[in-house]
Amino acid sequence: MSGFGPELEVGIARLRAEIAGLHAELMNYGLVVWTGGNVSGRVAGADLFVIKPSGVSYGQLAPENMILCDLDGEVVQGTPGAGRAPSSDTAAHAYVYRNMPEVGGIVHTHSPYAVAWATRGEAIPCVTTAMAAEFGGDIPVGPFAVIGDDAIGRGIVDTLAGHRSPAVLMQNHGPFTIGPDARSAVRSAVLVEDAARAVHLARQLGEPIPIAQEALDERFRYATDSSS
Amino acid sequence: MSGFGPELEVGIARLRAEIAGLHAELMNYGLVVWTGGNVSGRVAGADLFVIKPSGVSYGQLAPENMILCDLDGEVVQGTPGAGRAPSSDTAAHAYVYRNMPEVGGIVHTHSPYAVAWATRGEAIPCVTTAMAAEFGGDIPVGPFAVIGDDAIGRGIVDTLAGHRSPAVLMQNHGPFTIGPDARSAVRSAVLVEDAARAVHLARQLGEPIPIAQEALDERFRYATDSSS
Amino acid sequence: MSGFGPELEVGIARLRAEIAGLHAELMNYGLVVWTGGNVSGRVAGADLFVIKPSGVSYGQLAPENMILCDLDGEVVQGTPGAGRAPSSDTAAHAYVYRNMPEVGGIVHTHSPYAVAWATRGEAIPCVTTAMAAEFGGDIPVGPFAVIGDDAIGRGIVDTLAGHRSPAVLMQNHGPFTIGPDARSAVRSAVLVEDAARAVHLARQLGEPIPIAQEALDERFRYATDSSS
Amino acid sequence: MSGFGPELEVGIARLRAEIAGLHAELMNYGLVVWTGGNVSGRVAGADLFVIKPSGVSYGQLAPENMILCDLDGEVVQGTPGAGRAPSSDTAAHAYVYRNMPEVGGIVHTHSPYAVAWATRGEAIPCVTTAMAAEFGGDIPVGPFAVIGDDAIGRGIVDTLAGHRSPAVLMQNHGPFTIGPDARSAVRSAVLVEDAARAVHLARQLGEPIPIAQEALDERFRYATDSSS
């Protein structure tokens, strides 16, 4: 019992199951190793979000051990899993939820090609139609920030504020993606790595052909998801 | 009931099962991510083809949600799955079926090494015996085209018209492959990525040794499939 | 009934099961795609070998569809699977068995990093202790040869004659490995790709440190298998 | 019966199961091929450790075939699996346990990106926050050493003595990792390859941005595990 009304309890229970399940996609697509990476989702109609616990193996993630937090990143006591620490990136997620009300889901990974761009501090140029549809342009780089206070969250928000892209590469760290819900943020995380790899491979043997801004705008206007 | 005769209904039902099943190969070989990529197959004896729905996860593809289209790319109403939108590449598939009567199957992916060549606008040179057997020479590049009208389909047809290769790399986009049936087109999609990767790796550390045109012709004459 | 004595029949049946099963390792380690690659094994006490059929999917390989051949590469009529064509590389396997009596198993793949070296016509230098233990030195390159007569087999035999290595990279084609039995040849095929990749990666960012010939000899003298 | 008291027998039995099970992680993360690589763990309260047998397939590893050794690397007779030879790297493990009493687990792999750095004799620079948290700085290189005596073990101990890093790249060979228990050493082995790959990819297209020593120290102070 955490003292929420029955409707909210149902919503939280569903979100726990969704967030636990979505973590499997991170492992399936090779975006994370060991206990790295995390997915969170905002609880509809409340100042709360659900996030992965810290240090738990992917094979052991389950609805019951997901952690419910308020928008200060504090664990909501009295709910399942509240004995465990939430992800070490929880403060960053909380900052984004506080400052970007349109965001319903956040994903963070150390996917290798994206980390490579992040480690050079280079934005990924938009040179494929798949990138145009998902990101609407380049994938930007955010500032270097050490874990532990609001610096990472602030870097994410400041960088994404002026961008179409739902993804940012935090320097020397890795990608964070946002979306209207957690599933969308996972899709963007998958497509960030896909783009990071394709453009890496392209540049290894020459220069990608740029896509005209006009074509980018045209493409982005029609794009809903990268559905094919 | 869609008003087709019983024989055609059986053929369509089989093709739905085949097309749904072949999509698993795209995921198994790492040629696609999320809901990207698509396979279609022409209905024997009718101006119809079956294609993947838009935005459905690979794990949820099934015979019933494959979409039946006419050769203008319009969904045939009254058949299973007709409530969903077909793949966003349907117009391109339809254009190829209208203009290349010998084509019975088409595949499109964003497989990463092939996308890298496509993004530089470079044909993949035929420098392995495996490429010689499957493609009979280089894998050509088609023009840049934005999704939404006939431009992609026209680019595929115009490029493949003068070529032995069943595969074309659409610039800044990715590979399309054709075949007498959908299974052959899937095989070519697998072998495009295999070739794109092998030649990429070869060129990273030097120059591949060319294969003499005479040997290519000899090899291609005997090749039936890349059977080993 | 193929007219062999009961003991030989048992040996052939066991070998069929072994050869069918070993093909799974090629797929598991990503050494082959589609129906490419093949494993064969010599029948103890007879001028016969068992090899993969041509054009059959890896998922459908089974003891019954393996093909029994004589050392001219001709299918032994009246045995299971004899209706199918054997691998298109059968002539090469037969040539090796005829000319290298110590060889009990042969594997051929198009594994991507090995193909890259083969396509540049470059031997893989022995710069890791794992390579020293398995290959005793560099992995050599054999001549370019078109499929269809004895040229490939002759190239394999001529190249491996003067070498410790159980592996040869046929130019613009791919690796062939030999061993006292089929399982050993599969192990060498796995380790060829592992070596091809490690040395490729090493050379991408600089020059590998050579291993002194003395250390190679020392190491090779003790090595039995790459057991760890 | 090996003559240990009941409490020690229980501890050994648990460790056998743990060590056997941890080997699956090496295969899952692609750190090993065939029978390569090995994990060992120290028996609490005794001068003993448990290690993988030599030349056994990953699919066949089980608690009963793990080998119990004393700190000279000699097999303890009369225990399960004592008929088999222990890993060919057992002398190196024994040397480390003898000389580093704080070490409770050791892992060795030939993971490809780490081998590439090892083969050039280059330390992996600490340029990601993930590396900072796990390794506290660069991953160092140890000397070239041939298998068979104490040279490898001595190289590991001498290199790790002055370092925060739980991982060392033995030149022309591959990574060894240590930890307070076997699971920690496995985690470090996974994260060594992850780091080796990310920094390799970063350097392929430019220079990684350095992380200031101050930030490294800060980060390392807070890090417990790479939990996310």
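For reference, chains read A, B, C and D in written order, and residue numbers begin at 1 within each chain.
As a working rule, a residue touches a chain if its C-beta (ideal position, glycine included) is under 8 Å from a C-beta of that chain, and two chains touch if they have at least 3 such contacts.
All values derive from a computational prediction rather than experimental measurement.
The chains in contact with subunit C as well as with subunit D do not exist; no chain meets both. Greatest centre-to-centre distance from subunit B is found for D, with centres as Cα means. For the pair subunit B and subunit C, the fraction of shared interface numbers is less than half, so the two copies use mostly different residues to meet. The distance from the centre of subunit B to the centre of subunit D, with each centre set as the mean of the Cα atoms, comes to 45 Å.
Per-chain Cα centroids separate subunit A from subunit B by 32 Å. For subunit A, the set of residues touching two or more other chains reads 204. The touching residues of subunit B, when paired with subunit C in their complex, are 29, 127-130, 187, 190-191, 194, 197-199, 201-202, 204-209, 211, 215, 218-219, 222, 224-228. Within the complex formed with subunit A, the subunit B residues making contact are 32-38, 52, 54-55, 87-89, 108, 110, 112-113, 115-122, 144, 146-148, 171-174, 200, 203-204.
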